Amino acid sequence: MTIRADGRQADDLREVTIEKGWSAQAEGSALVSFGSTKVLCTASFTNGVPRWLTGKGKGWVTAEYAMLPRATNSRNDRESVKGKIGGRTHEISRLIGRSLRAVVDMKALGENTIVLDCDVLQADGGTRTAAITGAYVALAQAIEWGREKKFIGQKASPLLDSVSAVSVGIIDGEPMLDLAYVEDVRAETDMNVVVTGGGKFVEVQGTAEGAPFDRAELDALLDLALGGAVDLAAIQRSTLAASR
Amino acid sequence: MTIRADGRQADDLREVTIEKGWSAQAEGSALVSFGSTKVLCTASFTNGVPRWLTGKGKGWVTAEYAMLPRATNSRNDRESVKGKIGGRTHEISRLIGRSLRAVVDMKALGENTIVLDCDVLQADGGTRTAAITGAYVALAQAIEWGREKKFIGQKASPLLDSVSAVSVGIIDGEPMLDLAYVEDVRAETDMNVVVTGGGKFVEVQGTAEGAPFDRAELDALLDLALGGAVDLAAIQRSTLAASR
Amino acid sequence: MTIRADGRQADDLREVTIEKGWSAQAEGSALVSFGSTKVLCTASFTNGVPRWLTGKGKGWVTAEYAMLPRATNSRNDRESVKGKIGGRTHEISRLIGRSLRAVVDMKALGENTIVLDCDVLQADGGTRTAAITGAYVALAQAIEWGREKKFIGQKASPLLDSVSAVSVGIIDGEPMLDLAYVEDVRAETDMNVVVTGGGKFVEVQGTAEGAPFDRAELDALLDLALGGAVDLAAIQRSTLAASR
Amino acid sequence: MTIRADGRQADDLREVTIEKGWSAQAEGSALVSFGSTKVLCTASFTNGVPRWLTGKGKGWVTAEYAMLPRATNSRNDRESVKGKIGGRTHEISRLIGRSLRAVVDMKALGENTIVLDCDVLQADGGTRTAAITGAYVALAQAIEWGREKKFIGQKASPLLDSVSAVSVGIIDGEPMLDLAYVEDVRAETDMNVVVTGGGKFVEVQGTAEGAPFDRAELDALLDLALGGAVDLAAIQRSTLAASR
Amino acid sequence: MTIRADGRQADDLREVTIEKGWSAQAEGSALVSFGSTKVLCTASFTNGVPRWLTGKGKGWVTAEYAMLPRATNSRNDRESVKGKIGGRTHEISRLIGRSLRAVVDMKALGENTIVLDCDVLQADGGTRTAAITGAYVALAQAIEWGREKKFIGQKASPLLDSVSAVSVGIIDGEPMLDLAYVEDVRAETDMNVVVTGGGKFVEVQGTAEGAPFDRAELDALLDLALGGAVDLAAIQRSTLAASR
Amino acid sequence: MTIRADGRQADDLREVTIEKGWSAQAEGSALVSFGSTKVLCTASFTNGVPRWLTGKGKGWVTAEYAMLPRATNSRNDRESVKGKIGGRTHEISRLIGRSLRAVVDMKALGENTIVLDCDVLQADGGTRTAAITGAYVALAQAIEWGREKKFIGQKASPLLDSVSAVSVGIIDGEPMLDLAYVEDVRAETDMNVVVTGGGKFVEVQGTAEGAPFDRAELDALLDLALGGAVDLAAIQRSTLAASR
């Protein structure tokens, strides 16, 4: 098995850390790192739901993803300055929202809204997967906060499971887990996989960047991703278990 | 096997028709129907490439997707009136562009740009997969036009393969091919699969709309999609072979 | 009398066809062709009126005009991508709305709104006049639908008359009816005339593109337009009379 | 003949004054009043033309119309605050530009651009016609300035004729000239007519606000407008002849 | 003491005139000139307050500043055309609003809103200070109007004091009052000072354009500004005292 | 002397820390804290200058300020989502840029541009003053980087002095240094003062939030600010002197 630029083996995650409760203001928060990729995730809990959902006895969870202008190697113009949000930003925001909603029982959440803000402070590949993984921790904290404040009925938690995400890709013909930026740009196939704590899929998004890929390659990538998801779920669990 | 609302079996496509050369103005065009879903695809061929690609001896293929305001059952505001493009539109435009680029040899295309416009005239589920399937036909026509005009070097065609797309989903626990709108809204899992004429994957985008899905369900959906792709490739081939 | 490029005489319309009920989704629809100009018109009927009209017992009719990016000989950027609507689009949308409102009794319509969307699929001159002519058919269908559904009181129809539009212009000193694109760009004076079935004017918009025009030229153009309007009204009538 | 609210007869203009050279900054300027309607028109002369016209040896004249937020009886939000320009503003800006271009020989203007800004300081009906009438004076001044500075070749003036505009309308069945706001809102038919000093039409824009109008009514309105145009041309002439 | 370009001494204001009631439409208005700088200020009085203030028994005063495109020596694009408001415009609008609110008792105003529009017709330095000085006069008129109409309780006037503003700066080492444009561009330090009729500060905004400034320079500038404010308050007083 | 909520005396700064080189991507960076206020400042160094400055042999320094949506106690909508930048953001960005340019010799910087991004991660009052203080450290680092890379001529550093900023205000009649959020909202007068390492003023922005303030109060606030600036300059110096 090839040794990667940073010394990892093909099925190794980068060092993953999650600092719970980073923000003194938000109801939930986490500063998550996947190697040099750092994302600040905050969860904002408010009573009430968007107009289109009012009166149905259900809650709502949504997310917004953004990158600081100098999170990357060269500076990007701010989307606020450009006056519009790019397609990539939209796409990732929607992915994060869907991923989190998959593990929340909206009935149990009641008519409350949780907004997850995922702001990339430093980018080195895998920002969307780090964002989902960290946002889950912020979400869990915010739900706990809502239960303590009795905004959420006490019986069962609205959280059905945990959820994390990881990227996988094929580089020089070899499937690899959790791509850093230098790997990502060289990948022939790139896949983001969102997996529950129970090992089921929430999202599978694979793209042929170079040549199209076959069924065997797809299977190898899914195997790697499911392995990484087990480790990420464990890190999320121990982060949430730790007192702050 | 369950019979579906419109009488199809689980592995049946809807009636698919592709009217080549619908537009008298564009270098390539196709009016594609997947049942009641109708998408007008035009290909605009221009010499030159975007600034960031200039001087590299390579071409560019991109796509824009949009829906007429009353393509759907109730009217949606125009994105031009709202002054911004929604996340869903961005996401689908990017998907179509990536899917088509996967089958084009950009070196062979030379410094030419082809823009595919996919405008949904009527929507009944599967608009993005119909758009990809029809856009390929418009693209192939435009490339042929560029070769006749000698804007593209004559040797080999820049087209490496054909490409089509189809949706699959799990409804009441059963995997089904090419979902109509009434099926789509009920699907627990929804997947769009983009496949080359040679049967390889270009994109796999699966989303758990309800409960997360497991590996076996994923496999069943991929099987269905690959089957549908064979039929779509055949329809594309015969459409392009027909004289106009 | 000069014979025109397409063999017409000065006072001939191009071939005009109106396909009623093109859309399976809208309450009214028509695909109208004036020669190679093709416009898809849909009418969306909703209960209620805009806020500023609420509680006055009157309805509202409005229109939006747009062009597909490759309706024309070279591709135009989408207004949704540019993030703003151009002056020409605004101007034509307002003209269509005013023209249709002129033949609707808003009291009889009751507190209902009908939005006409006129999307140009292919453009060869006269898109605004084709749009008005086709939109009237879609409007009449939608009003019929509203009467059948009893959203509109049964007594008298809110439709006071029919309305159509045609362009006229002076080319090489000669007044001509229904200009195709190649004629339009050469016209010294260009006029769009909107006329009721009863032969009265709703709008007269004449513009000197080259030299200013005199009273005699204006009169000749109005004569031509009134003649064309008689034929258009007959086509609208027979289209609406046909069963679908 | 009916006496109007302000004591005028049907074929009377309101008091029209044009203060030439109001601005110390612009190359041409005029503060024009039609009764209580006051429009500040400035002409900005710059060397060079827009990119699409470069190298053709021709000049360009364009216009922008706007209204101060409290020009009217109740305050309107600024279009800069709303972030977009309304359809009415676009339409009038385009009309003013076309009207002025009709009397300028672009070859004789050479590769120079003149932008007319028409800002309504106070509105009491007829703002677009006042704007055209005043903008012509600012334009003439700016052209004179360009000739003095030798930016324009000395031979013949690029000005082919003068141009003015006036509104006419039918109120309670009677055709009237130069409508004030209280008349404008009651008019069944409303027409703006742009006429050259030589008495030819540049634009005729008639709209049925209430019932459609017939040929005889149209003729009566055109007669009134041509009469008003003679007076406006005389006022423009004497304004320009006066030293400043 | 140096004599300035226009013959003034260092502590002289330019000629300041305020034409009260310029607009026939607004509840208060003033056309203010500081030398060649001319600003049209209108005050729009409406019942009710913005949503965030409703039900607190307090009023609201706000301002919007803008410049006509050709107020300056070369033409600037309209902010409505650019689709966004620049930072400078925002900054000045906010300054004017804060300055006026400092002299209004919001309880005494009651639930009414006054919007001040300050549109620069001609700019020659000091547009923001002229705007504040003129807007106060328009505000005072509108408050008087509101008291006459009994929209404001009759007891005490909501106006606590008058307010005016003036610029000061250091040019070639010498502090000067009320800078004209040619002085402003050369100033090493530039300060805008907003002062009540009672001689207290509402805003002090000093900026080192060249070298940073020391405490002694700051003191000299404040002395000059307080002197100018005495004169401006007198002009405001006599303007308001004059009948219209 | 009153003891403040957090135990400080009136002339105490909050705990100020500056973490130099926080970002692995930017040419200069600093994470600055004034108590609970945390701002991430990055400096992006690029060769070349904006078009309007090209060819003058001078550099450019500019800044952009923004706040994460949940930096504050309740969530604010993103400016990128709203599609426009608010007045407050514009105003602060411009203030930071001016403050830094005051200590840079643009000739010595050469045709290079440095953009400072100041993103507020957590807000507790004084975000603009923390941003200026931290941005100076990032700027100094980036200039050092440019000198090492020889993009800046080696002779003298373009840095003329250091610069920092601090807020002061009057609360219950008592002048206080470096206001936390709970103090800021109660302040009668609020002033931001930008001071060089040499103790001179770059900006003085004082605003009466409640009653207008007199000359003695202004003097007391300036004394406090100059005292705080001495401490901030010392912290900046020791931060920059430390190796990383």
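In this document, chain identifiers A, B, C, D, E and F correspond to the written order of the chains, with residue numbering beginning at 1 in each.
Basically, a contact is a pair of C-beta atoms (placed from the backbone, for glycine too) under 8 Å apart; a residue touches a chain by one contact, two chains touch by 3 or more.
Note that this is a predicted model, so its numbers are computed, not measured.
Chains that count as touching both chain A and chain E, per the definition above, are F. Chains that touch both chain C and chain E: D. Homomeric contact chain D/chain E is classed as same-residue, with over half of its interface positions used by both copies. The centroid of the Cα atoms in chain C and the matching centroid in chain F are 59 Å apart.
Mean C-alpha positions place chain E and chain F at a centre distance of 28 Å.
Residue positions 83-85 of chain D each touch two or more of the other chains.
Here chain E touches chain F in the complex through residues 84-88, 90-91, 93-94, 98, 102, 161, 191, 196, 198, 200-208, 211-215, 218, 222, going by the rule given at the top.
Chain F meets chain A in the complex at residues 23-26, 29, 36, 40, 42, 44, 46, 64, 66, 68-75, 78-85, 89, 115, 117, 119, 121-123.
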